[in-house]
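For reference, chains read A, B and C in written order, and residue numbers begin at 1 within each chain.
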Amino acid sequence: MTAPTLPARLGVVPWGRASQAALPVGSLVALLAVVLALEPNASTYRGLTLILSGSTGLIFAALAQLCLATLGDIDLGVGAAVGLANVVCATWLTDNPPLGVLALLGIVAGYVLLGLVVHARQVSSIIATLGASFVWLGLGLLLLPIPGGIAPAWLTDLFALRPVVVPLPVVIAAISAAVAYFVFMRSRFGLIARGSGVSQDAIRHSGRPLIVTQLAVYALAGFCVVLSGLAVTANTTSGDVNASSGYTLLSIAAVVLGGASFGGGRIAPVGAVLGAVSLTLVTSLLAFLDVSSDYQVGAQGLVLFLVVAVRALSSRRPA
Amino acid sequence: MSRYWRKTCLGLVAVLAVGSVAACQSGDDGGGTDTAASGPPNIAMSNSYDGNFYRQTMVKAWDLAVADATKQQLVGKNTVVNADNTANTQISQIQSMLVQDWNAIVINAASATALNGVIQKACDQGIKVVVYDSVTTSPCAYQVAFDYVALGKQEAEWVAKKLNGKGNILEIRGIAGTSVDDDIHKGIQEAFAAYPDIKIVGEVHGNWTKSVAQQAVAGILPSLPQVDAVVTQGGDGTGAALAFQAANRKLPVIIMGNRGDELRFWQEQSASGYETISSSSAPGISSIAFWIAYLLTQGTEMPKSIPGPLISILTLDDAKKWIEATPPEGVATPVYNLDYAKKLVEAANNKTAVPDSPLPGDPGYIGVYS
Amino acid sequence: MIVKLSGQRWIWVYAAAVVVWVVTVSAAGRGLVSTVIAAATVAAYLAIVGVGQMFVITSGSGNIDLSIAYVMTFCGFVGLRVMGGDNALLVPGLLVAAACGLVVGLVNALSIRLLRIPPIVATLSVGFVLLSGSQVLAHQGSFAPSPGLAGFTSARVLGIPWIVLVGVAVAGLAAVVLHRTAYGRRLQATGQSEPAAVLAGIRTGRVGGSTYLISGGSAGVAGVLLASYAGGAAVDLATTYQLGSIIVVVLGGSLISGGVSNVSGIWGAALFLTLLVTMLNVLHVSTAWQFIVEGLLIIAVLAAANPRSEGTTVGRGPRRG
């Protein structure tokens, strides 16, 4: 029933072989071990909740990035888009929930429009999304010129939930990894999306209008952006369009760390989630390592470099 | 050895390298965990950004105050952690601090509101929180805040008087969407509102950065009529001046922002009768925030909001004193000591004026750069 | 066909620049020529680093240099340090800044080719390390430019700023290297299809890696020039160039997937972006609307420059696994 004649290399995803599956897990475990060695208090339920609660927003931003990576595109506007979603959540969603929901759907629609520009008019995604990032930022500033607003009470309560045994950020990471895995790696939709990232011709021959799938992937990215905006709003309790600007590069790093390439088709949803968690741990690591002020950003660069070098070198496939 | 194993080994070596750096580090801090209750307080700083001269001067002033406190055995563990100027990263860092045993956390915030949640968590845990410079609206934190509206008002008032209430103004603004930019802009607008013949003919964003300001001004200059004065936000003064000079335009009155190069430019130009003023917030405020945090851990009572000292350099003589004490890539500021912090708290308690910030050479003046 | 297509893109971005220029000048009612000269002075630095970025992007899908802004700042510091405000050391300072950029480019190339680190991550982490380096240098005393070089960056010949001539010369040189030399042809072949280039006997690793040296070297020189123009180096000297260098390449008509590059388009895009900022400033548009208009115009220019009829192979470039 699945689409015929898909290139064989679609099967070569980092979950096809146990040795490759171990890579993102390995770097996460190594980072966690270092963090816990530095600060044993972090191993408690409360400690893990604290050091990982920043990861939720980044996980969804990374998944949004992953959606575009599936098609071989790249999103340089994800940080600004999350910022806009954050601002909408802290203003309209609190004061006037129907309007807020409508505006959030508007962001999803914006992503569909972006998909249309990129794929119907063959515009380079890197510039289309960069242009869009200015638009997101401007809209966010129109809505909330300086930081302010307040998170809806239900949202703050939701993220204050304390499930038994496993901390909430870990639960969210596990669920989103599982859902992303099934959507991208096990569903027919995911197969076609990945296929179109590798070879558009192959998918065309499968007799399905390609653009529909591509737009659906962009809509899914927009949906992940909204989820990320909700998580950021809960974490920051307010709205600030600039609060998430770092997510653009961090989400790309998370996707790469997870084992995907931006060449299209070859993605690793679970790896991207683990990558986002790893990057949050790097932030904690820097807080725990008593590095002198001038050297901190360099240390972050080195850690990122080493983690990715380890992943790339222990993988046997050519880059 | 196969290619695969060689690479795996390389990878392992890299992991071990990261691990061993970390292990050394944990050895240093290992014993310090139970001193919190009895010994001197442990004080951490979370700094949203470290990437310009103003913020670097700020960190330097903090380090000097901490060194002073360490000598007097007033502080235990201490650290400075820099974020990437985004609230999300800074929140993660402060949340990491919450699993450690800090008695006080001092914050220069990336956002006026985004840190409120994590600050509340810290307060609930019994940690004293002091926010300074770029402050937050959190009700439980103590603020050491500059009155940036007053800063904008002061420079605009001076310009309006200097131009006898009539002239064309170019306004250079900071980073869009920040409270500091908004406040200074508001002060400037309020002051100019009283002068109908003062016209703001152009507005550009210089992002408090010399090269950005210089390029933005260079771009807009050909479209502008004669400019009589430029109001600024600090860090952008010489950039604007260079743009005017390169375009062969008459140098307007440019308000300077206490950067070493800006003060030197003023001094050079004064030879040909050029007059201006320079004013900015004092990056040494980090040392005040440090001492306020110390006083809070010692149980000192104080109001939630402590005003920080602005440094206004109104005469060339004062400018020369500051030039002596400030390298070209620095920002004019003293490091404040415990006595000054106590005076500030007293003034805040009695609602009296902010005590004068010491000038270079005054008793009690400690330089950042000496 | 590619040549024809490139020609069209080339025109679009210049047309956009002219429209923005006309709007600016008519809104201001003055400065017909001086506006464009001022914009060209600012655009020159963007064009120089854009040319470097273009070589990297041409070498194939996924290759990109995110370290440019950090290289400019760091090598700006290093170059000014060597000059020490002395005209006699002007040339050594320039050479050291170029060498500094080349070394960083080499580190980038080795990380990507030997350590197999994806270019985005490799160049960004190298950039972070350089940022630390700049911060350390910033604490070590004064960095005044040599007066000769500072004067040069604002001096003019026949009414045209020297720096604009330098930028045009760099672009001209790049065009010659790209279209008239064997190296340029190998580079384009590598970018169009690496497997095919390998079969044709091209050492794609070397060709691809060398582009990072070009990018690093040009960023080093642009950095020391910019620092001299600004009267000294600062840690936040070049922050706007990280994404700016990429925008001008793609707006200028080069394909982000590699293989097709357009040098003259870079200058058009740099002029368009600079004039756009001036126009929005002159029109007194609020900051929020400035961002929105800027974003929409960037997308619109690119969408207009891309004729729909071009198929996958040209529009999206070849894909590699």
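What we mean here is this: a contact is a pair of C-beta atoms (placed from the backbone, for glycine too) under 8 Å apart; a residue touches a chain by one contact, two chains touch by 3 or more.
Not measured: the values here are computed from a predicted model.
Peer 1: So that we know how the chains sit together, what is the shape of their touch graph: line, ring, star, complete or other?
Peer 2: Here the contact pattern is complete, since every chain touches every other one.
Peer 1: More C-beta contacts across A-B or across B-C?
Peer 2: Per the contact counts, A-B leads.
Peer 1: On a C-alpha centroid basis, what's the spacing between subunit A and subunit C, in Å?
Peer 2: Spacing between the chain centres: roughly 29 Å.
Peer 1: Using mean CA coordinates as chain centres, what's the gap between subunit B and subunit C in Å?
Peer 2: Centre-to-centre distance between subunit B and subunit C: 32 Å.
Peer 1: Give me the residues of subunit A that touch two or more other chains.
Peer 2: Those would be 141, 145, 293-294, 296-297, 309, 313, 315.
Peer 1: At which residue positions does subunit C touch at least two other chains?
Peer 2: In subunit C, the residues touching two or more other chains are 131, 135, 139, 287-288, 291.
Peer 1: Enumerate the residues of subunit B that touch no fewer than two other chains.
Peer 2: Touching at least two other chains: 50, 176-177.
Peer 1: Touching residues of subunit B toward subunit C in the complex: what are they?
Peer 2: For subunit B paired with subunit C, touching residues are 50-53, 56, 176-177, 202-205, 207, 209-212, 214-216, 218-225, 238-239, 242, 245-247, 261, 327-329.
Peer 1: Help me check something: in the complex, which residues belonging to subunit C touch subunit B?
Peer 2: Counting only subunit C, the residues touching subunit B are 24-25, 27-28, 30-31, 34-35, 37-39, 41-42, 131, 135, 138-139, 141-144, 154, 226, 229-232, 234-240, 274-275, 277-278, 281-282, 284, 287-288, 291.
Peer 1: Mind listing the subunit B positions that touch subunit A in their complex?
Peer 2: Residues of subunit B touching subunit A: 3-4, 7-8, 10-11, 14-15, 17-19, 21-23, 25-26, 28-29, 47, 50, 59, 63, 79-82, 84-89, 91-93, 95-101, 110-117, 120-121, 137, 176-179, 182.
Peer 1: In their shared complex, at which residues does subunit A touch subunit C?
Peer 2: 9, 12, 72, 76, 117, 120-128, 130-139, 141-142, 145, 197-201, 249, 252-253, 256-257, 261-266, 293-302, 304-305, 308-309, 312-313, 315, 318-319
Peer 1: What part of subunit A is in contact with subunit B in the complex they form?
Peer 2: Residue list for subunit A touching subunit B: 30, 33-34, 37-39, 41-42, 44, 46-47, 50-51, 53-54, 57-58, 141, 145-149, 156, 232, 235-247, 280, 283-290, 293-294, 296-297, 303, 306-307, 309-311, 313-316.
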